[in-house]
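Below is one structure, written out as structure tokens; the observations come after it.
A, B, C, D and E label the chains in the order they appear, each numbered from 1.
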Amino acid sequence: MANKQSRVLQRFKKIPKRKTSNYVPGTVRYKGKKEKAESVIDIIDYSKSDIKIYKPESLESAFQHKGTETVSWINIDGLSNTETIEKLGGHFGLHPLIQEDIVDTAQRPKMDEYDEYLFIVFKMLYYNDNAEMVYEHVSMVVGQDYVLTFQEADGDVFDSLRDRITNDKGRVRNSGSDYLMFAILDAVVDNYFTVIETLSDKIEFIEDQLFELNSEGVDLSKDILHLKKEVLKIRKAVSPLREVINRLEKTDIDLIDPKTHNYIRDLYDHIIQISENIDLYREMTWGLMDMHMTNISNRMNEIMKVLTIMASIFIPLTFLAGIYGMNFEYIPELKFKYGYFVLLGIMFVVLVIMIWYFRRKHWIK
Amino acid sequence: MANKQSRVLQRFKKIPKRKTSNYVPGTVRYKGKKEKAESVIDIIDYSKSDIKIYKPESLESAFQHKGTETVSWINIDGLSNTETIEKLGGHFGLHPLIQEDIVDTAQRPKMDEYDEYLFIVFKMLYYNDNAEMVYEHVSMVVGQDYVLTFQEADGDVFDSLRDRITNDKGRVRNSGSDYLMFAILDAVVDNYFTVIETLSDKIEFIEDQLFELNSEGVDLSKDILHLKKEVLKIRKAVSPLREVINRLEKTDIDLIDPKTHNYIRDLYDHIIQISENIDLYREMTWGLMDMHMTNISNRMNEIMKVLTIMASIFIPLTFLAGIYGMNFEYIPELKFKYGYFVLLGIMFVVLVIMIWYFRRKHWIK
Amino acid sequence: MANKQSRVLQRFKKIPKRKTSNYVPGTVRYKGKKEKAESVIDIIDYSKSDIKIYKPESLESAFQHKGTETVSWINIDGLSNTETIEKLGGHFGLHPLIQEDIVDTAQRPKMDEYDEYLFIVFKMLYYNDNAEMVYEHVSMVVGQDYVLTFQEADGDVFDSLRDRITNDKGRVRNSGSDYLMFAILDAVVDNYFTVIETLSDKIEFIEDQLFELNSEGVDLSKDILHLKKEVLKIRKAVSPLREVINRLEKTDIDLIDPKTHNYIRDLYDHIIQISENIDLYREMTWGLMDMHMTNISNRMNEIMKVLTIMASIFIPLTFLAGIYGMNFEYIPELKFKYGYFVLLGIMFVVLVIMIWYFRRKHWIK
Amino acid sequence: MANKQSRVLQRFKKIPKRKTSNYVPGTVRYKGKKEKAESVIDIIDYSKSDIKIYKPESLESAFQHKGTETVSWINIDGLSNTETIEKLGGHFGLHPLIQEDIVDTAQRPKMDEYDEYLFIVFKMLYYNDNAEMVYEHVSMVVGQDYVLTFQEADGDVFDSLRDRITNDKGRVRNSGSDYLMFAILDAVVDNYFTVIETLSDKIEFIEDQLFELNSEGVDLSKDILHLKKEVLKIRKAVSPLREVINRLEKTDIDLIDPKTHNYIRDLYDHIIQISENIDLYREMTWGLMDMHMTNISNRMNEIMKVLTIMASIFIPLTFLAGIYGMNFEYIPELKFKYGYFVLLGIMFVVLVIMIWYFRRKHWIK
Amino acid sequence: MANKQSRVLQRFKKIPKRKTSNYVPGTVRYKGKKEKAESVIDIIDYSKSDIKIYKPESLESAFQHKGTETVSWINIDGLSNTETIEKLGGHFGLHPLIQEDIVDTAQRPKMDEYDEYLFIVFKMLYYNDNAEMVYEHVSMVVGQDYVLTFQEADGDVFDSLRDRITNDKGRVRNSGSDYLMFAILDAVVDNYFTVIETLSDKIEFIEDQLFELNSEGVDLSKDILHLKKEVLKIRKAVSPLREVINRLEKTDIDLIDPKTHNYIRDLYDHIIQISENIDLYREMTWGLMDMHMTNISNRMNEIMKVLTIMASIFIPLTFLAGIYGMNFEYIPELKFKYGYFVLLGIMFVVLVIMIWYFRRKHWIK
């Protein structure tokens, strides 16, 4: 097979040196591209009556939040400084494999149940201001009285949730860490709706452009390919999370209060809905490609029609003119006084017949 | 990937501001487009012997129908006035998540079992007078002695059912709220048949047009895309309802009388039938696209044939004429008395050979 | 989306008035197209030793066959006279939903188990004398000592079975109603083989025609679409019946003798075989469409080659002739005695080079 | 729909007369095409110490091999003489349905468990000397001390197995009829590997030809269609046998010694491997069709380029020549002494510009 | 069907002689292509405190590692010398079928559980220095105190693992043979990531080339086909291994310490991730083919536009010139003093109109 590799692929030579050469399972090694010198820590510590929001000066001051009566949400932004993760992981008793997954930005969404905590990985999706999709790896550890979230970079979709905790709106303040976990996942899933709505708008936009730009001959295949990839990327984030939430609904772990199950079931409804929509949009983008192909062929028909009409009309006429451009000594028609005008008349008749023929064929409207 | 985004997609900038910013799970917020200032309430309250049909003046007068001997069907048209929903929900003890789903028009069909009632979401589909498909979100709460239905707008498919209740036809008056629930779902599913029959008619229509309009060169791809989307939309309504009815058939909740199960099984048969038909029509619309593509290519062949025949006949003849239009001093043929007529004869022979050749190739019929 | 509906679909306005307006579940209403004033009843009543074949004068005389020692096969042809169905149904204690399904020709194949009988719906397929597929709705009720079959129209695939009963061939006469049920289903499934063989012959026929008619430019897409639809239609009949027979094999209802199970298992083998063949033929018809598309493109290549060869040869030659048709006062070549013949020679050389070039490119064989 | 049937399909009139008219379930009726006047019987009777290989003169002498201490492999070649099958079946107590399946060459691979024997149907595939695939129906009955195999025609894939039995190689002689059954199935499955290797070679061959013959314009679609059909045919043989072997592995019937289960599990591995390869080859043949289509389009591009280049160069030049072929009384350029040569120069410049333009567009290399 | 086989396939005659003729199940026969005269044996024997790494001089010295306190990893490079395998297999009590699978390079990944050991087959994939994919068959036998690995050729992906054992990094030295098994599988799976990253880079590369080379008319279909095959090949290695690891996670065999299960679960996550990525890349390569097809059609449109524009402009102009090249005695325009210039002016106007027309159609930018 190797010998079939063509000239073009042979130009491809940038083989990455085996990156994994010294890899040890359980090693904490950041694989993403969003380097950040320092991890930033935010802590929201609340009970029904009190709330404390602050950025701890040292990592160690975050350690006190384990084993308290209050619920603590410790959020870490920035994964490239793996030392912080390891220290925190050490204190909260996180298994080395979990620490590895937290910084492994390629890790797909999943849930692992441990004795003392739940570990959930998911992807946060949003469109930035340039309508480009941002794909961010987030991990969450849910313990009895704390929730740890690890994000790759600044900026997230939790502002509304923070607002609700601060101002004591909704059920959050009255509930435990399990409801906080639900609220975080809910914010993420809710944002997926925004993402697929934007995607849907983009598809509609390209569809409109297909019909509009068709006449201009703009090639939209790059855009359609772009949409396809975006759909595939979103599906890659959503479809494993769907399984996670399904398992979360069915698990009977002590951490999760039975009352919270209703909310998780609702969340599961939402993610199924999203994942059905994605399948729909996927099918639609494929339909766009078909449409585009049809458009190109239609355009070719248009071009061929013009050529055929022009050539079919003028080539025979030119032939007629050629006949009487010959230099034979004896061409009787040439001597007729009105021969020229008769011929022009004949040519006009041929022209009219041709046009009638093409109209009947609906090639000329 | 971002840098691959083409010129066209870059024009797309209408990023919706995050609508979900202040969203709290369990919030009752109408997301549909069918605004209606006031919700209209209709009540049908019936027992085997009596029936009362009226529009209550105040919402509160609807509250008395809970906990009675009679069966009450309370129908609310209009979801944009969420206050009504919340009040009613409060009285009938509806979980906040249910209230949220009632007004969330994007909610997919589903069933939730609660201790005191069943909650079912489905979509009502019908073609309006312009042959456009109407897609309406309907929710239903089925309690021991009442059925609440929530519709987005006026107009529904239940007129025949109301008539049967009023005139005591069929089993409705003799049965409880569970049979009313069945009858409502049955009316909806029965209407799906009408919808897919219309769809089937449309597909047949476009198929006929494909063959008819082919010669006229009308581009039907827009119509086929339209049909595809309609099929996908119907499937989106039907396929989760199928699961709902399946679960309804299997549930052993007290609310549903065993006798009603036979009817629900029948209903399940119907919806499977619909969903198989949809798959069929889906495959057929894809087939239409193939047909259309084939048609375009055939048309191009037609066009090319005309061009090739015209060019192949007249270009050589023009060349012959060109030969004797040359001004060489010594071209012996030019001096022959009947040279001109001999050449005309030769041209005629060439023409005949060409036509014979194209007939043999079946390019001329 | 509505505004995207194109000019063509807007012509489609034949919206059927809601047919289902006054529909009550359990209503016996014929939906098919094969109207028949009177239902014709045939009765075959047999035991191991005796047999009685007759057409009863009145419907009531058929009633006596319930609760006897003999096995009775009561066959009704014609479903449009729903009164007959209702009377018979009343006597044999058929549930209203069954009566509805008997006359509902759109009902998909299914099996319902009731306490005293089995109810089976299936489709009878055969090709009529014009090689058109006939699709007929048949229902069967199997009781302890009787089998009722309801057909839409005259003509069926049971003649051989009737012959076997009459002449005491095979196991039928020695067995009960369960074996009769098997024998009826077996005759139907056996006929499916004939149908798919004909279908397979048709596919082979079109495939041959594809290669044969290719040169003639006959458009076979209509035929391929027709085949596709036929495959889909057969699949629609077969695939739910497969489930029915699977359930029939597994059911442990008293009605069915354990010895009959071996036969039903064999029947199940047959229908799986048919349904695998259908999938095969489905894939093959798709392949035909591909072939057809390839053919069209090949034909276009043929056409373009002719055009390109003719134009590429004669356009340059015409140009050469045009050069020496110019009226410049001083064109030295024109004065050469044999200029004309030299030019003819050059033209011939150009012609030969062109032909050599096209032969090397394999455009001329 | 019937009225849509086109002109071509209407020519199709060879409706087979219902072949199944007098069919009784359990009838032994040969349906294949490999007629053979006499069935040939081969018997290999062996124990650990002794072996007897012979062709019995009469069928009856084969009867003695039931109920002995030795293992007997009775092989019957030729199924068209159904009487032999019936006699043998009678002696060995084979159910009428089994006898029917033995001669029904359309029967798909399957396994039926009976009290005293196992019945297995499979397909033997091999390429004959003309590289055409042979598809042969084989049935096997495995009893406590005998194995019956029924083949359609002479020639099989068991020579190596016979050799091993004769020369006491491998485990066969030391084991019972269950291991013989395994060895027979193993020989069949092992030969599937040879078949799919040949298929794979054919695919590679066509793929190479695609690139090679592309320039010659040979149409390979017929060959690709042929390959597709072959893949489908092999899959039809393999995929039900896979189920059979899976069930064989899991069955806990007494007939099969636990030690043999290891071997059957290994066999199951092999057939899964084959069936995965088939899926792979299926996808590859579809890829070939795509390649072929791309090739055709590329060729058309080639043709169009030649036409466009020739026409674009010579049509404008001919126009220039035409200008100076006009007979206006006053065309000053015609009087210039070197007008002719100047024009030739201009024409040359136009030619060079054209060629430069087409080179920049990469149409000329 | 045979008669349909076309001219091209008939050239295909290289039918392999039945290779399997003398095959006995359980025979140790090397089927790969990487012949190697001598098998090379490497032994790493370690406990928590000690480690011994050496190449034994004779095979027999490897035998002592069974039944010791230390963990021994015996690695054999080279499978063509089947005698070594058989001797080793004899000593370690490997079932003949296992010995057969070790040297059968076509064997798909699988796991067999035996009483005293686990047998696992998998494929090692890596890109060599020419960016060609290497596909190597590896088998592993995991006993209580030893791990045997059998590789086809020199070179593997275990260097990092060996390094970790030697330098006592990670958990390996503190754990038993089960963790060593995990570590080996982990190294293999980890390398799959490198492989699919390279694949992904290749896809991106071809995608970029598609847009870049489009104008040059380079045919990339060979490269896309190559990518498709590579994706299929990787999937063939990964997807059965996924099942193996899934079963490994769930098995409760004594050999595997419960602590190791966490690691295997993590490994399972990784392989699911890989297999989802492969599906993604598969869909992307199909998208590339679509893109390529669209590109070809676009290019044809480009070509046709040039032809149409040139022909549509110059053919009518040539006709005009032809008119006044006629030799009629009486053509009044020819006598007009400025007739020639007037005509040139008319031609210029025609040219301008044409160009305006084509610009409006966006055929000229």
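Here is the rule we use: contacts are C-beta pairs under 8 Å (C-beta built on N, C-alpha and C of every residue); 3 or more make two chains touch, one makes a residue touch a chain.
Just so it is clear, the model here is predicted, and its values are computed rather than measured.
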Interchain contact steps from subunit B to subunit C (minimum; 1 if touching): 1
Minimal step count in the chain contact network, subunit C to subunit D: 1
Whole-Å gap between the CA centroids of subunit C and subunit E: 41
Sites on subunit D at which at least two other chains make contact: 222, 225, 229, 293, 297, 300, 304, 307, 311, 315, 318, 322, 325-327, 331
Subunit E residues touching subunit A - in the complex, by the definition given at the top: 126-127, 129-132, 157, 159-160, 163-164, 169-171, 182-183, 186, 190-191, 193-194, 197-198, 201-202, 205-207, 209, 211, 213, 218, 220, 222-223, 225-227, 229, 262-263, 265-266, 269, 272-273, 276, 280, 283-284, 287, 290-291, 293-295, 297-298, 300-301, 304-305, 307-308, 311-312, 315-316, 318-319, 322-323, 325-331, 361-363
Subunit A residues within the subunit E interface of the complex: 1-2, 4-6, 8-9, 12-16, 18-26, 95, 97, 100-101, 106-108, 110, 112, 215-217, 219, 221-222, 225, 228-229, 232, 236, 240, 289, 292-293, 296-297, 299-300, 302-304, 306-307, 310-311, 314-315, 317-318, 321-322, 324-327, 331, 333-335, 337-340, 343
